[in-house]
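The same chain A turns up in both complexes below, where it pairs with chain B and then with chain C.
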Partner chain A sequence: MEYARMKFYCDEARCIECDGCSIACAEAHELPVGISRRKVVTINEGIPGKEFSTSIACMHCTDAPCEQVCPVDCFYIREDGIVLHDKDKCIGCGYCLYACPFGAPQFPRDGAFGAKGAMDKCTMCAGGPLETNSKEERHLYGQNRIAEGKVPVCAAMCATKALLVGDAESISNIYRARVSARGKGANSPYGWDRAYTK
Partner chain B sequence: MRKFFYFFVATACLASVAFAADSQIWGEMRIPNILSYGQEQSLKLGALFTMLQNHYFGKIFLAILVLVPLVFFVHYKVIGPKVFSHEGKKVYAFDMFNRVVHQIAAISFIVIVPTGFVIVFGDFFGGGTFVRLCKNLHGIFTIPFAIVVIPMFVMWVKDMFLHWDDIKWLMIVGGYLSKVKNPVPAGKFNAGQKTWYWLATLGGVLMIVTGAMMYFLDFKIEMLNNITGLSQIDLLRVSAILHNVVGFAVVALFFVHIYMSIFAIKGAIHSILTGYKEEEEVKILHSSWYRKLKEQGKV
Partner chain C sequence: MTNSLGDMQKSKAIIIFGSNPAVNHPVGFQHLLKAKERNNTQIIVIDPRFTKTAAKADIYAQIRPGTDIPFMYGMLNIIFANGWEDKEYINARIFGMDKIREEAKKWTPEVVADVTGVPAEKLIQITNIYAKNRPGSLIWAMGLTQHSIGTSNTRMAPILQLALGNMGRAGGGTNILRGHDNVQGATDMGCLADSLPGYYGLAEGSWKYFAKQWGVDYEYLVSQFKDASWMTKNGFSLARWWAGVQNVKNDEKIENAGTHLKALVVMGNGITSVAQQAKIKEGLDNLDLLVLADPFVNEAAILTDKKDNVFILPAATQFETSGYCVATNRSAQWRYKVIEPLYESKPDQDIMFELAKRLGFYEQYTKAMLMVETPDGKLAMKDKKTFTWPEDATDEIARIIKTIGLTGWTAERIKKHTDNWHMFDEVSGAGMGPMKGEYYGFPWPCWTKTHGGSPNLYDTSISVKEGGMGFRNNFGLEKDGVNLLAEKGSFPKGSKIETGYPEITKANIEAVLGITLTEEEKAACGANWKVDNSGILVQKALEAGVCPYGNAKARAIVWNFPDHIPMHREPLHSPRTDLAQKYPAYPDKANHFRVMTKYISIQSAKDYAKEFPINMVTGRLVTMNGAGIENRASKYIAALTPEMFCNVHPDLALKHGIRNGDMMWIHSPEGTKIKVKAKYSLTVLPDMVFMPFHFAGHFQGADRTGNFPAGTKPYASGESVNTVTNYGYDIITQIPETKGGLCRIEKA
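On to the complex of A and B.
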């Protein structure tokens, strides 16, 4: 059976830069200070007509570059396209960050001598390789809402429903309906899920 | 005491806030790095690094790890080592300072190089605790090397410039292709040793700098960004690429260095422990230096 690929999309015509998604994420997963898996950014700031805000996190790339460069091969891509990694294997080398087109991987300084600890990034609320919904999984990766059939917390709480998550096809249908209703497209190309192709 | 403690805690908190507030990677600078937003500043080094690391770096390191020792194995079997008498007179070549500096550099390399390989082949070792330990050792043993690399550069630099002997030495590959003990044109250091010297010191500094960049990751040195015109993330990508590419040369010549000092010239390693080289070894392998020593009446 062909699985749908799960994707995020942030409709910047709707994003009001409230930062709710990023705060909800940090709270839900009890992230340490200094780590924000999701971030709201404003592009072309101060340029009239071109300025827009959008929410970014790991984009769960189709050809995930992070997975290609990891020296310990700790990434795994679920059948639904969610890109996850094993923190017990990760050595915190930083290679995934250098490869990532979106600056998603982050490193808490919890290793010996203040070295980079295991990498942390958005899991699309799908936890990690440990036993689903176990205390250990929650502690290392945060909530596993996908296993409970829930929507990732960022998209669930987005008041304007700018931030969408779901299988690529449904997302693109919603997006197309919105664009035709508004009569204009968006600034960031939809379908930027393939990391380095234009 | 207490006051001092609070002062320290407050400073540390402030410092960490400042650190987090103007992150060079996840802060304001994150946007210019996202190609999908049509940001032209980025040099697309992310894609380059991904391609190189995914397809080439590991394979090249593997090739070096297998082929260089293989060549030596064949050399050892076919031509064999140079054996010089350890019973004869000795020449004092390295003073205490030379030896200690070299020994510290040697110990650092003996840890840095194998741990570097463990990181490169981290998947083979299954990641986790062992590879993490190696990564930490790799970083820790950079410190002693960083301390001695400048003294090492300075103490030997006058002997390391190119000389006519070096060209002749290269033409006969240092005499290592035959077993006969003909005098080989070389001063105190031969062309091979000189090459290794320049690579280990200048390349070594480059390895320290690029390694330190990857270690500290999120820092701001405006001068560095201005001179190179690169954003922080691109500096890191350049560092990772250079660390690997220069690493190829460093490990290849490091293997050569080990083979020469331990196997190819039997007992050569003693000179860095005691300071003395065998007179016969100097006479043959460093004939120009031997002539000079003789003129000065030192042998």
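On to the complex of A and C.
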């Protein structure tokens, strides 16, 4: 069986800026305060018709710019598409932050080699290069929920199920189901009943 | 709520007054988003502030605080003028709609626009959408209740729904989003100053019923009071208990048997999030004894200057105990204990048991848990010496609380649903497999131990056995010559009686149902279905497809309230002095929950708008809850909202020279002030400010967090907005008027 790549998707029609995802992420991985692996942003707040919110983390790019620019080659991309990096190799230079289109890389305030290593970012709850589910991995990269067969904690916690994660095909299936359910309920905007009454 | 969150997926329109579910009920809000996604449900938001819910709405009206009644009369004006009301429904099921029709005539869109600030076209557009997309669900929360006219607000909303025939329909109803976990359960259990559990009231008959059910003598209960007359009087309320404490400066007459309130025990209530903070502080400072039982330090301990006789008891969290809680749709869910209580903390019930032991009434307090009903209508003791918590308490509640139909809520049945929650439909709550015919958590009324619960209140399209019913007969059979029972043809499906009927009593059951009871049955049953231990009255009613509480009309006229129909009255502190004269507040009310409460004398005392021209509303943040102590003790949540702030429109801020991020003072007509950080926001109009109520620890500019016992200080502290919320209390419930007050701002 073939899998597509692992992807995040945030349905902005559903995101309500509750920050459940970012808090769950910080709690689960015991991040230092100020490290935002995931962040909820709201655009045009207070402007009717234009306000919307979305949740952003590392997008786990196929052709990841961070990996392209890293001078010490600390990034690696797993077979399932999750982009991870080796904190023992990372020198904390910040090139990846320049390259990343999403502002995903985070740098600890307590020096280049603080509690979460040189650079920290979303691991899609897949840990790092150290032994899977070891104490060391947990300390440096946080929980490895993927290895335990669990959904990443942000999407698991999402109140409105705006934030989806999984292999791209499953995500698109969920989103397709939402789209195709549109207008099939009590108040269909089209169809026989609406056009000609029952 | 009459319906349920899932049921909103069946609505064609959802109108939301004074509620912000995207922030207050993020998980429940999913159902509204799904309704929009799947049904193109029109979401309408009426709120002084452009909330996160408004951001997801199809249409939004920015209303002046405290003017919801004019807005709804304005809707009714348009509805009646166009004949959009459900005439058949009104004739068969409503008493007094003609009076509403008369009042609505006065509220033309232009008059409404002047009072509410919502343009006439927008009111017309909203009314069109809402009237033409039925069933429509109406949601409200504290934005309607926390006003001096809160009770009228909460009558007005159902009247709008009744006029459109939206009550008692799937996808319709009035759906009140409660403020906290298990508020519905706390209300049902009568955690109030004016009722025994189960809405039995405080009448002597109710006390006698409870005495019998608790297995104690009525005289024993009387002996606990100064005299029997005090049993039927309201106590002090949460809003104004401080007025009863000795040495609190107060010119309002107290009626408390010539004595003062000496001790206060607080269990899990953030009393720092109640209005009149300066008065609360004065009350706390002057108590003889203060006991605070909470998982986190209750900030009342930080606010007070009292040095002795303040006790902080470590209470366990919900994860460290078990028992059921009641959801907003009147359904029960079991909670299992996850861990044993940490350190020396104790669950609430253990704290109460220990207290009862020390005070010498432990036996009387716990006896009812060991009692059972017998088929001949008597009470007997169970065949065991000690009770099992919480199962025996659950069964006691099921045995005693008949008014709202908790009879079917035995511990065994509730657990069965919780253990099998995958077997219930997400939208309707209907069960499958062995739970077929039951609804998740048996939403009350759940009439018997075989009844499956009632998904939507007042729904006549299904039989009583399946959860159907008409409106309750609670106020007599007729008023001024008008029939108060439902008219012919309006009855729950499958009923033997095809018209209205009174509630079932021992005296009328044979005549109403057309049956004959045996002598044994007669001997066994109680005076009416609410006090009948035998269950025969309910059983016989259900067999005939008849609802035990009757089948009556809903009242648009409430003749025992000061306003017989809801009338607009300006907030006590109104920015429109001209309108305060036209729509004045109530006369002052003596002995309102034991304390004289002012209305017109406050409102007419001065032209507040001159000195305090800015509307002030308070509300929630999505990251916090109640008084906020447990949230501010989380470093990650504190990082998102590290400081108390005030949302202010840049245009207003500019006038006062306040820049984004500056500190600013908020002054209240109470003579109090708070210092908070200015946060520019376009969600508020330039004549109003918004502040969250989750902060505490600072008081009128002074940092009091040094009062925290070592290691208990939260990551974030700040001024409580309730230091500056204005005086004002509801005329019936005494809830504070925190959603309509005034203030003045200045740069700090």
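We adopt the following convention: the second predicted complex is superposed on the first by the 166 of 198 C-alpha atoms of A that agree within 3 Å, B and C clash if a C-alpha of one lies under 4 Å from a C-alpha of the other, contacts with A are read in each partner's own complex, and residues count from 1 in each chain.
Here, a residue touches a chain if its C-beta (ideal position, glycine included) is under 8 Å from a C-beta of that chain, and two chains touch if they have at least 3 such contacts.
None of these values were measured; they are calculated from a predicted model.
Enquirer: Tell me which partner A:E17 touches in the superposition: chain B (first), chain C (second), both or neither.
Expert: After superposition on chain A, A:E17 lies in contact with chain C alone.
Enquirer: Now for A:V33: first (chain B), second (chain C), both, or neither, which partner does it touch?
Expert: both
Enquirer: I'd like to know which partner A:C100 touches here: chain B for first, chain C for second, both or neither.
Expert: Only chain B is touched by A:C100; chain C is not.
Enquirer: Check whether A:A147 is in contact with chain B, with chain C, with both or with neither, and answer first, second, both or neither.
Expert: In the superposition, A:A147 contacts neither chain B nor chain C.
Enquirer: Check whether A:I43 is in contact with chain B, with chain C, with both or with neither, and answer first, second, both or neither.
Expert: After superposition on chain A, A:I43 lies in contact with chain B alone.
Enquirer: By residue count, which of the two partners contacts chain A more extensively, chain B or chain C?
Expert: Touching more residues of chain A than the other partner does is B.
Enquirer: Touch test for A:P71: chain B only (first), chain C only (second), both, or neither?
Expert: first
Enquirer: For A:T160, using the defined touch cut-off, is the partner it touches chain B, chain C, both, or neither? Pick first, second, both or neither.
Expert: Touch partner of A:T160: chain C, not chain B.
Enquirer: Thinking of the overlay built on chain A, is A:A181 touched by chain B (first), by chain C (second), by both, or by neither?
Expert: Touch status of A:A181: second partner only.
Enquirer: Find the residues of chain A that appear in the contact set with chain B and again in the contact set with chain C.
Expert: In the superposed arrangement, which is not itself an observed complex, chain A uses residues 33-34, 187-189 for both chain B and chain C.
Enquirer: So in the complex, the part of chain A that touches chain B is made up of which residues?
Expert: Touching chain B from chain A are residues 33-34, 36, 39, 41, 43, 56, 65, 68-74, 86, 88-95, 97-103, 106-107, 111-113, 115-116, 187-189, 192, 195-196.
Enquirer: Would you mind writing out the residues of chain C in touch with chain A in their complex?
Expert: 9-12, 22-23, 26-27, 29-30, 33, 35-42, 50, 52, 54-56, 60, 133, 171, 622-623, 634-637, 639-640, 681-684
Enquirer: How about chain A: which of its residues touch chain C in the complex?
Expert: Per the stated touch rule, the residues are 13-14, 16-20, 22-23, 26-27, 31, 33-34, 45-48, 51-53, 159-161, 178, 181-189.
Enquirer: Under the stated contact criterion, what part of chain B meets chain A in this complex?
Expert: Residues of chain B touching chain A: 16, 20, 25-26, 30-31, 33-37, 44, 46-47, 49-50, 53-54, 58, 119-123, 125-128, 131-132, 135-136, 139-140, 214-215, 217, 233, 236-237, 240.
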